[in-house]
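Just passing along the structure, written as structure tokens.
For reference, chains read A, B, C and D in written order, and residue numbers begin at 1 within each chain.
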Amino acid sequence: MKITQSSLLKKDWFGLLIVVLLSGTFIAMLKPAFLSAFNLYVLMVSVSYMLIIALSQMIIIAIGQMNLSVGAIGGLVAISFSGVMEVYQISVPVAICIGLVIGTVCGFLNGYITVKSGISAFIITLATLYIFKGINLGITEAEPFYEIPETVKNFGNAKIGTSPIPYLIIIPVIITFLMWVFMNRTETGRHMLAYGNSVQSAELIGISSSKVVVTAHVISGFLAAIAGMLVVCRLQLGTPNIGDSWLLPSFAAPVIGGAILAGGKVDVIATALGVLIVAIISQALVIFKIDPFFVQIFLGVMILLAVFVNRYREYKQESSKKIFNND
Amino acid sequence: MNKKIPNFVFTNQFGLLCLVVTFILIFSTVTDGFTSRFNIFALSRVVAIDIMIGLAMMVVILTGGLNLALGAIGVCAAMFGGWCMETMGIPVIPSIFLILGMGSFLGWVNGMITVKTGVHSFIVTLATMSIYFGLMTMLTEAEAFRRLPETFTEFGSMKLFKKYISPLLLLSLATCGALFYLFKYTDIGRKLIAAGANPDAAELSGISVNTMFIYCHVLSGFLAAMAAIMLTTRIGAAIPSMAGQLGMDWLLPAFLAPVIGGTLLSGGKLSVFGTMLGAVLVTLITNGLYLIDVGEFWIRFFLGIILLIAVLLDKTREFFTLKSVIVS
Amino acid sequence: MTKFCLEIDSVDKAFPGVKALNKASFKLKKGSIHALLGENGAGKSTLIKIITGIHKQDGGKLLIDNVEKTLNTPNDATRFGISVVHQERNLIRRFSVGENLMLNNLPRTTLGLVDYQEIALQSKKWLEIMDLDIDPSTIVSELTVAKMQLCEIAKALSLRSQILLLDEPTSSLSPQESDNLFLLLKKIVRDEGVSIVFVSHKLEEVFNICDEVTVLRDGKNACTSESIKNLDRKKLVKLMIGRDEQIVKSKRKTDGTDKTILELKNVNTDLGHKNISFELKKAEIIGLYGLVGAGRTELAKCLIGLEKINSGEVIISGTAITIDSPRSALEKYKIGYISEDRKKEGLILIHNVIDNASITVWSQIKKILGFVTNDMISSRVNPYIEQLEVKTPSIYQLISNLSGGNQQKVSVAKWLAAGTDILIIDEPTVGIDIKTKAYLHKLIIELAEGGTSIILISSDMPEMISLADRILVMKDFKLNGIVKNDHKYDTVSANIMEYIHD
Amino acid sequence: MKFLFSMITSSAILMASGAFAGGHSPTKVALVPGGPHPYFAAWEKAGKDAVKDFGLGKADYKVPAEWDLSQQNELIESLVGKGYNAVLVFPGDAVGTNKILGELDDAGIPTAALAGCVEQPTKAKMCFGTDTGHSAYLGTKQLIKAMGGKGKIAHFTGFLVDPNTTLRIDAVEKAVAEAGGGVEIIQVIADIDAYEPADEKINAFMAAQGGEVDGIVTTAWVPAVVASQALTNMGDKRIKMVGIDHDEVVLKAIKEGFVHGTMLQNPYGQGYIGSYVMDKIRGGCSFKASAPWKTTAQTNQFIDSGTVFVDISDVDTYVDAMRGISLEILETFDGTYLDC
């Protein structure tokens, strides 16, 4: 009994699950409307693309880097996706492929330039952030694309049967599962985490850093592309400012999920729970009619809090080890 | 830092200077308006603010960190100033000190959290950015302060030197001078650099690295407040959106100037002069791009490309200088 | 024909500014343990990096099982059956032991996913060979250092390596752990048919387990694949340093009547030191000897205020004090610390000579408003740079372009310039060439003669015996004993070893 | 290479256009919105038509890449550097923009605020736009009528930093107050002029309070679009909504009956007539002292560009209605306002 307890407590996601359940119960008790079918639907919709955005950043955090251009890639893909459908009347599946290719290429460029130049991904993705966003603005001149095919629009609105579950969340859930498998059960995923843990060790083992870094960025770009297209489905138009506000939440969820920015420690489930926590509390703020600006402050405080907690846990682990070693 | 004069030719700064001169020549021949009095005055004012923003980022990059909350600090300081002058009726001069104090205080908070948690300042300032900005909008209810004393706002449209130059530029150049003095001719400045270059070695050599890092963040907040004051005098009001959502619009000039100017992102090496030239170059190019009509929407794209080229060039230059030194 | 599983033939390697290897050769007999010796900077690590495919040689041949091979990447080396166990722990700390062992070639299920059961199964086998009784699912960061070391060897074995390179494997092990390791090594040579290249500074170990010896000196062979039977300690040392082991004797007289300048009474620290008590007298050199991990450097760091002292007293010139930071150690109590890790903790590599040498004096020489100029600095620091004969084209040269010895001189110069009363010198001559080493020894003695009290931390026994007045032996964060040094190597070293193995 | 080429060609164009100088040089109008926004898109065609119809040198629509006062200022400054000699601007800030307008005036460049006003004192020649407060007031009145004179209203509006936003909030409150005790504003959600946050907040609101609310008034473009969409998606015809502007999503929702109606503004007329007025002023005209200015909370030099409520009955013919208003204003403009 004691053993299972302590090993559960060690998991990043366990504490978060408790937070989700507690906050959910608490809000539902005060405002039963929180559990209404429509509210759950809205909650799941906002979780759906945030989940992908968070995973897109998480995989870069896993290798100890950052991707500032997640939102810019998402935005570029969003307008390309809707643009080709409106301007060239391209069919939806082809447009999706074009979107995915653009996202992947953007991610590849991030990874490739980072590897080849040896400059930190932070600065490279800062530059590509402006490049991708610049292309976006240059193409659209900041005008949205409206002519979204009905199939796409319907996908953004439909619910599964009579349940409050939106179609939109299906892909993110599948991707979350695949990402979990990827990070925990595939050689490439494990090599990425190893690389994030220690670049030097990974290289000595013979893990190719360029392969790891480029792969991570490609996946990140790919996920950002999916997120961008999901937002188009949701908004039913392709507006150029999609992605502008992704930066903060993209870091918030993995960090709340216990990710260490130095790399090598991320948890897909905990990240997903991080997304859920942010979504629940943002929604609670609206339900309780709390000043909308408070959402901003709240997100910042959550990040700081998560950082403190991670730090404290690490410290606890370290010090418990110290005693253990000295004995 | 201590290059001899002949070596100056091989430095980044010299390359930048050449670029600046080249672009001035190109733009003044190809475009009509570039050398007009109006344009030069406008340029001098934009440059002034971008230099200040660049310096504010530079002093944190010195520690190997980043300050994403730069714009948020600037806006908070400006709004606080607006409140002081408009609501509280505090005279201009004490208000300016209060604004600078506010900026420094917010910088200090960043510094304290960074040092105490040992977390990279990227994530700390990412969080404080949204906290500062959120608090500011909540307290002000996003209401701008539009009735500032004229003595304060006039400064922004004053024209000097046959109406060619804004006094704001002189202020920025003076700040550059002061920072140059700080980093080159004072013990604190040298300690800041040493702490940034190798915190472990600096600590063991009797430098309080934490204190130095906090100083850097305070200085960054101070300079951000300076930039905010300059921007407020320019637009004549303290407006919550003056640096964009969360103050993030300042980030591009903030990174461009020091990075192009040769400040090392890993810390411990900076160039005040380079940052200044970096800001000048970026403003010049932006202005030139507007003038030759590449389309307003492509400007961001070009700035991104310029940043990319700048860091790549810097990398190659580093590679070659390193080689030449070892060989000689 | 004798069967050589690895043959290095006249290998050259140059780096910008240094010729690291100059026609270095050796031959590894199958099923033998071969010692690769040499002082720091002699070219051992370069040679290892060539054998493991990290560097590529400029000239010369590398033969595996009598066939010439080219190694371009570490993967090639692994493929040819060569594995290295590095000094630095190269396990992924957050991964399980099993996964670390299998990381190069993770077993997969039919779906192509990583098969953790199979990992546990396969890795268990290798752990058993190393007599390691740990669950393969244990996270590495929970292991002791010694076990990590063994896991690394198990990992090398799991790669079906026929040739193992062990780079200072015992540097952080206790004597019992080392002995255990040697037994295992002999066992795997016997049972698994592997051959081992053994790199160590500890000559006793070499005589204990090695069959043959190759010594490198300044990138060249001082001896090549010599049988251990033809050598003794004295000969080996001579091969390594190119002359007889010399013990520079301090001519100072310390009669113990000098003033006590620093005293520790029952000091316990945050890092785990227990009941440390000793005295340091004016102009005295006391040595701190012990194995890696005995807590010597850690004690120094507690003394200068980098880590916390929990209880006990630190008394300087008769007053009990608390030092809360290296800054107050320097500015209030004039205690300086020269780090063992020159590149990480000692110097600022991206800065120039004068900035490095003057870092401690800026506060002292500043004028109003903190005004400091290069001229003010150089007039203060230059005498020391000259006195120490730092070889540099200019005081504005980047420190990273200087040789190790000159770098070390600069890190000494900065403390001389600061005018410290107590200087803690940590491993001053690691990676320093012989000539500079002797010079540094002389310097340390001169410093003491000039009135500075010195705490010398060194793992180099001859160095310790030649310099220290008294030697404090530490083990497991405790002070095991104090040896009065009469500079007679045999007796003193025997005394020291007694405390260590006690 | 391409970059160089575009530099050369554009400089050639500039040289050529410079040759016209002298006397009443051709008027080159810059139409500068506060940032990218679909509302202003009609300005582009309006400018082009004005060049054709009134013989201007140029009338170009130039958009700052972002909603940022500094960027707008920088753009305007560079446009003046480039030779534009009249500026029509949607003020990035009701006071902040005055500063640059004053500087342009010093440089002999006439300016006017378009679609939104700057506060007085100002050097802008006029403020030509929708009386936003009035429009919001009328829209709310329409909503209250549709709701049968009682119920709970939610108000969704745009950037708080937009000078019009405060006016709109006040106007909605005024209309509600006039309706007596039956109507109540239960929530104002502001600062949602971008799609993602608007979507999130409006849907969260609908989820939490959709059951209580009876009417929605939106007074900014994006919230109108997102709220129309939300109602359409929910299939809710109980909640009455009055939107703003002519986004096709809103128009479609009106046709389908999910949205009661929308308050149209006249961006095309603003750009078209605004450009015309700038040319007149550069030609030596000035505003009559007796001009029948309207007075708003911000300025007493306001000219209404017209606003029309459209519901399901006339949603198909709204374009004609707007054009009619524009022509009407233009016909009488010289006589009413100008002294030439």
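FYI, contacts are C-beta pairs under 8 Å (C-beta built on N, C-alpha and C of every residue); 3 or more make two chains touch, one makes a residue touch a chain.
Keep in mind that what you see is a predicted model, and the values were worked out from it rather than measured.
Trainee: State which chains count as neighbours of chain A and simultaneously of chain D.
Mentor: B
Trainee: Which chain pair shares more contacting C-beta pairs: B-D, or B-C?
Mentor: Here the pair linked by more C-beta pairs in contact is B-D.
Trainee: Report the chain whose mean Cα position is at the greatest distance from that of chain C.
Mentor: D
Trainee: Taking each chain's centre as the mean position of its Cα atoms, how many Å separate chain B from chain D?
Mentor: A distance of 35 Å separates the two centres.
Trainee: With centres defined as the mean C-alpha position, give me the chain B-chain C separation in Å.
Mentor: About 44 Å, centre to centre.
Trainee: How far is the middle of chain A from the middle of chain B, if each middle is the mean of its Cα atoms, in Å?
Mentor: 31
Trainee: CA centre of chain C versus CA centre of chain D: separation in Å?
Mentor: So the centre of chain C lies 73 Å away from the centre of chain D.
Trainee: List, in ascending order, every residue of chain C touching at least 2 other chains.
Mentor: Correct list: empty.
Trainee: Quick check: what residues of chain B touch more than one other chain, meaning two or more?
Mentor: Residues 137, 142, 297, 299-300 of chain B each touch two or more of the other chains.
Trainee: Quick one: which residues in chain A touch 2 or more of the other chains?
Mentor: 137, 141-142, 244-245
Trainee: Sort out which chains touch which and give me every pair.
Mentor: Those chain pairs which touch are A-B, A-C, A-D, B-C, B-D.
Trainee: Across the complex, what residues on chain A touch chain D?
Mentor: Against chain D, chain A makes touches at 31, 33-34, 36, 38-39, 41-43, 45-46, 137, 141-144, 146, 157, 231, 234-237, 239-242, 244-245, 282-283, 286-287, 289, 292.
Trainee: Given the complex with chain B, which residues does chain C contribute to the contact?
Mentor: 16-17, 304, 306, 325-327, 329-331, 336-337, 339, 344-352, 354-355, 359-360, 362-363, 365-366, 369-374, 393, 396, 398, 401, 414, 418
Trainee: Touching chain A in the complex: which residues of chain C?
Mentor: My answer: residues 54, 73-75, 78, 84, 86, 88, 90-95, 99, 103-104, 106, 108, 112-114, 141-142, 144, 271-272, 476-477.
Trainee: Would you pull the chain A residues touching chain C in the complex into a rising list?
Mentor: 181, 184-187, 190-191, 193-194, 197-198, 200-207, 264-265, 321-322, 324-326
Trainee: Spell out the residues on chain B that touch chain D in their complex, using ranges where they run on.
Mentor: Of all residues in chain B, those touching chain D are 26, 29-34, 36, 38-39, 42, 46, 49, 137, 141-144, 146-147, 153, 156-157, 231, 234-237, 239-244, 249, 286-287, 290-294, 296-297, 299-300.
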